[in-house]
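The structure under discussion appears below in the form of structure tokens.
Labels for the chains are A, B and C, by order of writing; each one numbers its residues from 1.
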Amino acid sequence: MSAVVSLRDVHKRFGQVEVLRGVTLDIAAGEVVAVIGRSGSGKSTALRCINRLEVIQSGTIEVCGHAVHDPALDLRVLRQDVGMVFQSYNLFPHLTVAENITLAPRRVKRTPRAEARSLAEEALARVGLSDKIDAYPEQLSGGQQQRVAIARSLAMHPKVMLFDEVTSALDPHLTGEVLKVMEGLARGGMTMIVVTHEMGFARRVADRVIFMHTGLVWETGPGQMLAAPQTPELKDFLAADL
Amino acid sequence: MHYRFDFAALEEYWPDFLSGALTTLQMTAVATVLGLVIGILCAIGRRSPRAWLSGLCGAYVEAVRNTPYLIQIFFIFFGLSSIGVRLPVLAAAILTLVINVGAYTGEIVRAGMDTIPAGQVEAAESLGLSRAQIYWDIILRPALERVYPALTSQFVLMMLASSITSQISAEELTAVANNITSITFRSFETYIVVAFLYLALAVLLKLAFWGLAQALFPRRRRLGTPL
Amino acid sequence: MGSFTLNHVLYLLQGAAWTVVLTALAFLLGGVAGFGVMVLRTSRSRIVRRASLLWVQAIQGTPLLILLFVVYFGLGVVGIELPPLLAAAVSLMVYSSAFLGEIWRGCVEAVPRTQTEAAECLALSRWQVLFDVVLPQAARIAVPPTVGFFVQVLKNTSLASVVGFVELTRASQVINNSLFQPFLVFGLAGCLYFALCYPLSRWSRRLERKLNVGRRQPA
């Protein structure tokens, strides 16, 4: 099977509220998928289920050959293959940029210190922040922090990267620098699932756009579908966005 | 009132004062290390999802924090000897200090852990860190850095409270002072000297903790801002 | 060795009553002195602020037991004989003045500076500003830590036993000396202390939580 990520009839409830009501989805290696939708449509939840920050009630999720729905799965193995970038960056404030990036390689993969350091240098070069390697997070702008968070994920050499509204907390003028880094990754062949409000990014960079609505995949298609929505719900959503 | 202060009468006892102060410092050092360990374990226990464990740790903290240290000393020291466990007084004194300060430390450390946002843990999970690694690198270390000032004052208070162990004749500074007054009858002078010695110890302790922080927390050393 | 009887329980309860009396007395005296320290610590004169800070740090760096010995034995040698109850109350007052003074200073300083400025612009005197504008606002946030410190004072009255004042701890010592059942006797005394302290501790924590919730909401 060529799909790197594959969801089959995934259901997820928080208490009485059913957030995902049977999501089915396949993502191929090297594909860049933008997931759009209103808040509460389940798009972030779906993303969090993929690396099991949330546990699903029924259905199956396979990621890089790991059965995510299986309670016996070793999460640490799964998460070495899946990188995740958060809306609120979640850099570790007590560690330098270098330490943020090398923490997981050193602890999880037992990479020697010097090697981890060059790993950090390499990852930082990819996000254009080589000069910030010894800074602390609070010394960086929001955009820079988010790029470090991307570098931190990259340093684990993930096969899939998940982006959870990574520009939503940023000022408009800082959004661009983060999107540029992501565009570079996409062109480099990284498999990416990007939950986003940035319609421009979805249209320009994504191989495929997925519109989620009320816990379901409502409409899906290439970037151009945003120019010609098929369902009234997507039409409404796009109208509200403008 | 025609009292003549005579500090000279105490001059020959300065080696005793010094050895008492040294004992106080030693007790403080040992109790600080052990108390911190107990406190961290207790804080982790209180955050456990297992009700019996968090309940047990909570009961320990509340029992210690809501009873006088002196009663705790009597309960432990005389209680143990009544069932045939005769500890050397110094060991017993340190034991009571550790039990006492462990509860206060546990509460402080727990408060620090509670300030770590859930997103930090999620980020660490997403990077593949194990539960133990997350506890150590992402929760405990920054939590300790954050509550360090509160911990410092708690351990200084403990050093001062160790004077109460003189009541079971642990040969620390206060007990030494009591002995000296019973020989010289210069209690006013003696206790004033001892008060200043405790003050000096408190300053020394704060300096030591400050130095330790500089070594332990590079972020704070470089940026000088609280975490 | 006798056995534990109802009389022992009554003796302990009587001791507990004296513990409460001493706590109230010490807290009252300490509150007045602490208020004075707070006023000095927030004075406009730098010398006064420094001098009062020195007082606070000296007291906070001295064990309460040593303060008690200075007051009880020390003053005795000088010719001022205080009964144990009063000696304990005075040393607890000195001790509380430093801690309460600092707690309350923090609360006063937590009131936004603009409040003071606004009041001064209305031509209120320094005392009017303090009593009519600052203190009513500071009092709200001062209650939880003050209750918390009250518990500290209550526990610390046990040191009065050392100079022979028969409060709860001394009472339990007396009983244990005749029965030698330390786990039972001191355990019981501990339970009585706990019964006095725990409700106050909980109340203090609940007040603090309520305050934090209130402060988090936008005005």
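Criterion: a contact is a pair of C-beta atoms (placed from the backbone, for glycine too) under 8 Å apart; a residue touches a chain by one contact, two chains touch by 3 or more.
Heads up on the chains, UniProt names are A = Phosphate ABC transporter ATP-binding protein; B = ABC transporter permease; C = Amino acid ABC transporter permease.
Note that this is a predicted model, so its numbers are computed, not measured.
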{"item": "Interface with the most contact pairs, given as the two chains involved", "value": "B-C"}
{"item": "Chain of greatest Cα-centre distance to subunit C", "value": "A"}
{"item": "Centre-to-centre distance between subunit C and subunit B (centres being mean Cα positions), rounded to whole Å", "value": "21"}
{"item": "Whole-Å gap between the CA centroids of subunit A and subunit B", "value": "46"}
{"item": "Distance between chain centroids, defined by C-alpha means - subunit A, subunit C (Å)", "value": "55"}
{"item": "Complex contacts: residues of subunit A adjacent to subunit B", "value": "51, 53, 75-77, 79-80, 82-84, 86, 88, 90-96, 103-104, 107-108, 136, 138-139, 149, 152-153, 156"}
{"item": "Complex contacts: residues of subunit B adjacent to subunit A", "value": "117, 119-120, 122-130, 133, 137-138, 141-142, 145, 217, 219, 222-223, 225, 227"}
{"item": "In the complex, subunit B residues that touch subunit C", "value": "1, 3, 62-63, 65-72, 74-75, 78-79, 81-83, 156, 160-161, 163-164, 166-167, 174, 177, 181, 185-188, 191-192, 194-195, 198-199, 202-203"}
{"item": "Subunit B-facing residues of subunit C, complex", "value": "58, 60-67, 69-70, 73-80, 151, 155-159, 161-162, 169, 172-173, 176, 180-183, 186-187, 189-190, 193-194, 197-198, 201"}
